[in-house]
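Both of the next two complexes hold subunit A, though its partner changes from subunit B to subunit C.
Right after this comes the complex of A and B.
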């Protein structure tokens, strides 16, 4: 089939041995005229080094204020197929597991109503059906609903929570990331579908400090699996590793708190000073295991660069006993989240993320507002604040 | 919240959006805060207001618009 648009720059991106998104768009374009037009516009974007979408405008389904992201071409006459090229966000299954039947049916929906393109779990964690116009939105929504799926978050609302594969696949998981992600998604469906926040709010769940969903950098509230007691050491396996690996150089010397050493052939860990970073366990998985008292650390305030620059999450709760709280349907956590949202509603301004609000009003004020006691673990940078006032009985 | 008060809240919200159509864009969060104050004396909570807003949307008396942030709009203007 002859190409409708010449795409010399995109063709460059097909070279090399890796899968290329260009090749995939071309495959979809064989069946979809609108996706052919997409190739033409993307080529222009590579040439001009800007994207040629106009944001905003109306794209959505009945009664929801979220779940669709509107994109309109800047060149509707030249590329009529993508005059409207909206994406629909669909809440993924926790841990991203699907059966082939669902995938086939979703692919059919995408070919029938949209551009034949799907995005499996972009940075937002959603499944996205790409390239539909507003006229098709309700049909796609209905078809997706019949498969048992619902729309995800977008705009100033709770964004689709996401989690690592956790205990389903990974021996490092310190809690059931999929359960809490699923349960809280169900709990907060209204907050997802009906934008009523100052700006977006993200919840992400990682089973350990490897943080496979990048929660510490990307979510307003990050849950990172950890443990309280000692790392379990299998000394025989340590010896096996020592035979084939420079354990001193690659493990001990790289421990961020230098809390491990050898006494003869025996590996010793000063667990009091271990920050549960996972490095040693990653390198010596047969020899080392996290402890038995498992839970999660809760970090607050991470965000991407938009508006005021990027932020990493700050420690809010060093050890959250997630397994215990799960027995009470996460009552404690829901209370905390509700207090945060109240405070943010009350004192936040439009397009201010919660981390920025904390930066503006100060951590003390925020903690008072949500009813948490300040503790030393919350101090991100020692001695950064010269105005700490001590009372008589403290020194 | 009785059906009667719910109706009052709904009418108030839809009325505001109609009155200011083309002049002011109401963000859901601002409307909720404003109604919370307005109906505090009748014992309504934020959740009550949100429930009323949900019903307005489900009945398509208003729809969500989007321009950098969500706002409430009249269906005929979208």
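Right after this comes the complex of A and C.
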């Protein structure tokens, strides 16, 4: 272990202005010798143009069915340091806020028990510690737990929920994304740690329609902040913007519903026709603010391509009153989620995401199953074909 | 031997309370921010209703970092931010500064240490990416190497505000597409081009046949009898080389050094601002893997970016620009050939045709 390897191809990636991951792996290897072998194997991949990881083989900690991803080298004799090179997923602090004390201790753990490499963050939002063996997993787990951190999701379970910086550092946030993300993670720990679903299920919370955590592109259930009442206008600030920006061209003309115009110098908004897209507020943040009746739209079914193609989240609940429901410990939302998971468990098949299930059985069947009424907000437009299946309960 | 008190095993302790990590100014103004301003591509200020100002300095990271990197950013956070910092969804580090006087010295320190400050405004954002050859068994390409090569070449667009709008590039090393790759301004996706190879003996021991069959999006996997024992066969006529079967069955490897590479997709977006969220669409079906610097991919991205910079109006995202000028013009301007692969033939393909006489001649 710890043998230096020649890496002429990777060395090319130490040049240039952008921060070099090769340099980072080398720095990790200075503290955790095993990581020298990672450099050696990746150099071989660069030469051979294929990855050299085996598929198959589990890793985990006792009483958890998730939170670790097993990774084994294809060349364990040549690269014994990464014979086992598992990663551990750790639930992040909501909004990815940390302090130096925690991060330093985590860096120490990663060097003492693993390869000295970390991901901030994985694609779903976990902190990942890379490069440990199965024998070391329990030590890492307990060391991390002593810092007050727990393992995240993996496999067919609830994946680690994630959220934007929300009200901690953003005036656009229409609800407390960090609080609901934290509270629901706590509520569903068992679903997170012990896979019992058909496939993965993701929850993401964005404070506004800018959707900084890409909830509507990635999560089975996406919460996007919105408001019901009028956009608040500071007319003096509007005038200031008009002095330096073509507000007509870059704001009003770009409004998707053309719901705003000038009457003299006064900006007028037809709020009933506003779709809360955030464009005008993005461009004129000092002049415009979202209203006071805040909540979130809930979109369902987003996912990446496998198996039946990518899906964007579709509107399920136009306005969810989070603040009201939070007073009742999210009773309404938990009921909705519980109905969804039951329907998915009953009718979904293995490796079928909930969006794919809705696609297969139809939105009406799904709505009946979870107890929601059809409303026009759910569709881009009503059907345009005449193949209506009338049912007997409708006269 | 002294009696050791066995420590109780900690389990299911749940997420850490984020309140432990919020700076005093953030705690004080939680939910009370009034507006923010971008001061330069590395700095923004959030102003609270009571006039408090919180400065943020953003720094790029390669996502995969060493413990030493972590200590570097902790030193900076201790020196200037009372130890407080956060990460963004696109893997940047953000230093949260309560005293304006600390902003410039902090940036100077980062630059002295060789770190990249930028990524706010009309810029190329940090490229979200996957693990690639460094740590993934299904990858059709490396991730970090391509990202490094592209960011080195486009570095000026991370540190200077000179694009029509924010431009988000994402990278996925296979069709699993970890990350929001399928709705990015420019997406780079690892692509296989040959069917999986079946190792019948390993398959019998390792794989569950029904779930392997169910993993296929085109129903190309069928039950088969191999040497009198249960197995599967692949209809190579209909296989689309997605690698989904390999994800569930390790005995169907699909990586192929000579035939794996990358495809380029454009015009997706996640935000609802102005136009609805959309998926990225195919620009280039295949570019061979060319490590360590992937010049073909870098050139393609530069071609798209230059055309966008030239043609888009201020505030237009890549997809909005293409939507305005039309796809025929996009292919003409970039010089990318339009091929049979650009015409969709999967589920919902019919919905993607041009049902009108609208055409730019």
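As a convention for this text, the second predicted complex is superposed on the first by the 365 of 395 C-alpha atoms of A that agree within 3 Å, B and C clash if a C-alpha of one lies under 4 Å from a C-alpha of the other, contacts with A are read in each partner's own complex, and residues count from 1 in each chain.
Keep in mind that, in the parts below, contacts are C-beta pairs under 8 Å (C-beta built on N, C-alpha and C of every residue); 3 or more make two chains touch, one makes a residue touch a chain.
Computed from a prediction, not measured in an experiment: that's the story for all the values here.
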Applying the touch criterion given at the start, work out whether A:350 contacts subunit B, subunit C, both or neither, answering first, second, both or neither.
both
A:328 contacts which: subunit B (first), subunit C (second), both, neither?
neither
Could you tell me if A:168 is touching subunit B, subunit C, both of them or neither one (first, second, both, neither)?
second
Which partner does A:156 contact after superposing on A: first (subunit B), second (subunit C), both, neither?
first
Applying the touch criterion given at the start, work out whether A:63 contacts subunit B, subunit C, both or neither, answering first, second, both or neither.
both
May I ask you to decide whether A:235 touches subunit B, subunit C, both, or neither, giving the answer as first, second, both or neither?
neither
Considering only the touch criterion stated at the top, classify A:9 as touching first (subunit B), second (subunit C), both, or neither.
second
After superposition on the shared chain, which partner residues are touched by A:42: those of subunit B (first), subunit C (second), both, or neither?
second
Intersection of the subunit A residues that touch subunit B with those that touch subunit C
55-56, 63-64, 190, 350-351
In the complex formed with subunit B, which residues of subunit A make contact?
55-60, 62-66, 70, 155-157, 190, 194-199, 345, 350-351
Subunit C partner contacts - residues on subunit A that touch it in the complex:
9-10, 12-13, 15-22, 24-25, 27-28, 30-32, 38, 42, 45-46, 48-56, 63-64, 71, 85, 87, 91-104, 106-108, 110-111, 116-125, 130, 142, 145-150, 162, 164-165, 167-171, 173, 176, 178, 182, 185-186, 189-190, 193, 209-214, 216-218, 224, 250, 254-256, 275-279, 282-283, 285-286, 289, 304-310, 312, 349-351
Within their complex, subunit C touches subunit A through residues 7, 9-18, 20-22, 26, 30-31, 33-37, 46, 54, 56, 60-71, 73-75, 77-78, 83-89, 91, 93, 96, 114-116, 128, 130, 132-139, 142, 144-145, 148-149, 151-152, 155, 158, 175-183, 206, 210-211, 214-217, 242, 244, 246-248, 250, 253, 255-258, 260, 270-275, 277-279, 289, 291-293, 314-315, 346-348
Applying the document's contact rule, which stretches of subunit B touch subunit A when the two form their complex?
27-29, 32-33, 46, 50, 53-54, 57-58, 60, 63-70, 78
